[in-house]
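Several structures are given next for inspection.
What follows is chain A paired twice: with chain B in the first complex and chain C in the second.
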Partner chain A sequence: MNRMEYMEILLAQLRRVTPSEREAIRQEIDGHMEDHICSLLELGYDEELAEERTMARMGDPAEAGQELNKQYPLHWLILSRVAVTLTIILCLQAMLGVGILFHARDSILTRLNPPDDSALDKTHATEEVDLRLGVGNDILRITRVSTGEKNGYHVAEVRLCNYNRIPFGIATETLINHIIPENQRGEARDAFERGGSFGGSFGADEGRLYTDILPGDTYITLRYDAFGEQFDLQIPLPEEVEP
Partner chain B sequence: MKRRIWTRKRKALSLTAVTLVLFFLFQYTYGICLMHPVQARWEAEQFYGCGSTERICHVWDGAVGQHVTLSSNEHALLLIGTYSTLSGWSCRDRDAVDCSEAAPLYGGTLRLSDGAVEDVVYAYGQVNDAAIDKIQLSFCFAANETAPTETHIYLTDAEDWHEHNGQRYFLLRSDALMPAYAPLNGRPYQINQGMVWDCTLTALNQYGTVLAEIKT
Partner chain C sequence: MKKGKKTVLPSRRRRALKRTAIALVLLFCINYIMHIGLLLPRQAVHQIEERKATGWTQVVAREWTPEIHKTHLTYLSQNENATLFSSTYLTFYGWMVGFGVALDCTEDAQAHAGFSSMYRNDEQAWYFFGRVDDSAVQRVELSLCREEADAMSHPVLGAEVRRITDLELIEQSGRRYFWVKDGGEWNTDRYNRLRPILLGFDENGSEILRMEIKEGIYSHFG
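And now, the complex of A and B:
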């Protein structure tokens, strides 16, 4: 029996191994035999005898193969295959649901670059602010306060957005809609634009709130009372400059 | 350099770890791969910002292929319809009611759809007045703008309600299945959603006297 035949008998006992594992085992055993043969050659053995002694030292190839086979239990192979299959399915689902990533995008963008534009017909005064308030799971962020004209009314406009405290979390969609903007006299007008959103995204919500004011008003109040959460937030108005 | 040979066990555990990381990442960022309906409820709680709720009752509605779950906490009532897809559990139809104050009756309605063929209307609520013995749900429905109006009325008795932490809750299903979409102008591919309006919940005592009314 030569080295090649020895290897074939040993590998024939490995019934539960994959082709790559079989190749790795072949290389490993071949390497061991090669090292041992080289050692014997250095000691003065001739090549044929060195190979014969090496195979004798390795033992019966069938027995060695059977012992080796036990080192490759089938359940770990099944677990690997299941894990690979599930990973492929997950990646396919992620690719199919790539639109959902807009939620994640909005969640991040609103944190880094919150909307702060104004939609007044005519602006009298405007001020960039950065007021943050924790409301339940969310952070409510006010980015701009303006005064001016809207639909023929003298109004204060508050630009605001909200997002979950945890990045990628779902933003409360009803938060802004539950806020009532009141002027200094405690009046709230509902005829103006309220709320708004990032095209139905759950990652963040944004909107503008309006309430009518009188010249000389210095603040408005945002009132919120929903699902056990309450706040009254007084927001100073920017000083209007006489035209 | 000698190449490191991974054992089968080590390889299997590493791949499983990668799969689990991806799984939780996609659950978190995409909201997909939800393995249990309760995760869809958690999403709805976040959506309404109503805080964590406890399940009151749960029914399977085969007509629309959804699990209907009523849950509540001190300040909110939440009704959701969840269904299973290849991407895990999902929630399409949901509604929440703020019940922070001490009103005799809190309630809402939710139209559940299977997304294609039929819809049902659910009414749900919390009854705080011990004198309330019955709840009546009434609503108008028309399959499309030219179809005749149908008025539907349903009644639920106190004995069918659920008790949880000393509170009484009801969940009422309208038996009528309504077409979710109706053909428009005889063209089956151009569709118009059926309409439901004037949804009213009326609380009655044992003598039939109206004690409270909610328009949803």
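And now, the complex of A and C:
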């Protein structure tokens, strides 16, 4: 049996390997045999005897091949291929769904630069604030309180937003709409007239809330009670300047 | 004879673990940052829990809705404070969030109920669900009524178009829930709003609960 025949018998036992693994094993064993043959040649052996001694040292090729085959269990190959397939699918999803990243953008931008604009027809007083309140998994953030006129009524306006406590987490879409703004007398507008959420994204939500006030009112209260979470937050109104 | 170049034979196990680690890291990033690539429908339900602020809920019932999508799954889930209806379906981007209805069960009431109607092309599917807190209620029925207009064009409760009587009360965590799917064959005008009424009967068969179900959603899938 020559070296080529030895290798053929050995490789024939490898039933669980892929073509690339088979080639890698062939090169490995070939290199190992080559090294040993070279060592024997340096000791003065002739080529044929060196090859024969090398093959004898490596043992029966069928047994060697079977032992080597056991080093390649099928389940690792399956896991490896599943992982590669999943990686390819995820990369395609990421490339095709890149537009969805606006959720992530909103989550970060709202944290760093929360909206604080007013939509009053006429503003009597306004104050930037930065009130933060944890509500469930979200942070409710109030950024501006204003008093003035809206559709002919004297109102207080609250500008707010909410996002998940954890960056990139999902923001609640119902938090702002469940908040009821009340004036000092405990009065609140109907749901349709008190403002609410603008309809944000998974990353963040924002909105404005309104309640009717009287001149001289000094605070409003935001009440929330939903799904076991509740708060009553009193917010001082900015002092209105006499015209 | 030249010495052969020694090559390191990579372990199949090591390669598999390395590739799996890469896939899992990528999966986490895409799930967490882009909110897609969800491998399990329960993950989509969790997204709806976050959107509706119900907190973590436990599944009470689950049903396939192949009329809408072949892979469309609807769930009824609950915790002490909320009853949640959610839907999800499988796409190339993984399990996607459909629509959800959350019932706030913290207020004292005989029952809390909701509905969801789903349309896709000519197919429709209706779900009615809720929680019954009144222990005297032993049996529930649904009376589905049309919304009609009075002489002043104000919406009023109209005639009953369907009565659903075979409603099972499912007990979980010491609370009782109902959940039923209806094909909506009685709904010949999909633009006409429905006014469903929940009826509750005691052990003697007397009606002790009559409640209009106002929490609901009409959803259209493309």
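One rule holds in what follows: the second predicted complex is superposed on the first by the 180 of 243 C-alpha atoms of A that agree within 3 Å, B and C clash if a C-alpha of one lies under 4 Å from a C-alpha of the other, contacts with A are read in each partner's own complex, and residues count from 1 in each chain.
Note that in this section a residue touches a chain if its C-beta (ideal position, glycine included) is under 8 Å from a C-beta of that chain, and two chains touch if they have at least 3 such contacts.
It should be emphasised that the depicted structure is a prediction, and the values quoted were computed from it without experimental measurement.
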Does the superposition put A:Gly44 against chain B (first), chain C (second), both, or neither? neither
Is A:Pro19 touching the first partner chain B, the second partner chain C, both, or neither of them? neither
Could you say whether A:Gly186 touches chain B, chain C, both of them, or neither, answering first, second, both or neither? neither
For A:Gly152, is the partner it touches chain B (first), chain C (second), both, or none of the two (neither)? neither
Check whether A:Leu79 is in contact with chain B, with chain C, with both or with neither, and answer first, second, both or neither. both
Applying the document's definition of touch, where does A:Asp30 land relative to chain B and chain C: first, second, both, or neither? second
Comparison of chain B and chain C by chain A residues contacted: C
Does the superposition put A:Gly228 against chain B (first), chain C (second), both, or neither? both
Does the superposition put A:Thr174 against chain B (first), chain C (second), both, or neither? both
Would you mind listing the overlap between the chain B footprint and the chain C footprint on chain A? 21, 24, 28, 72-73, 76-77, 79-80, 83-84, 86-87, 90-91, 93-94, 97, 100-101, 103-104, 135-138, 164, 168-175, 202, 225-229
Per the contact definition, I'd like the list of chain A residues that touch chain C in the complex. 21, 24-25, 27-28, 30-35, 37-38, 41, 47, 71-73, 76-77, 79-80, 83-84, 86-87, 90-94, 96-97, 100-101, 103-104, 135-138, 164, 168-175, 202, 225-229
Contact residues on chain B for chain A in the complex? 5, 8-9, 11-13, 15-16, 18-19, 22-23, 26, 28-33, 43, 46-51, 74-76, 86-87, 96, 98, 100
Partner chain A, residues of chain C touching it in the complex: 1-7, 9-10, 12-13, 15-16, 19-20, 22-23, 26-27, 30, 32-37, 47, 50-55, 80-82, 92-94, 102, 104, 106
With touch defined as at the start, can you tell me which chain A residues reach chain B in the complex? 21, 24, 28, 72-73, 76-77, 79-80, 83-84, 86-87, 90-91, 93-94, 97, 100-101, 103-104, 135-138, 164, 168-175, 202, 225-229
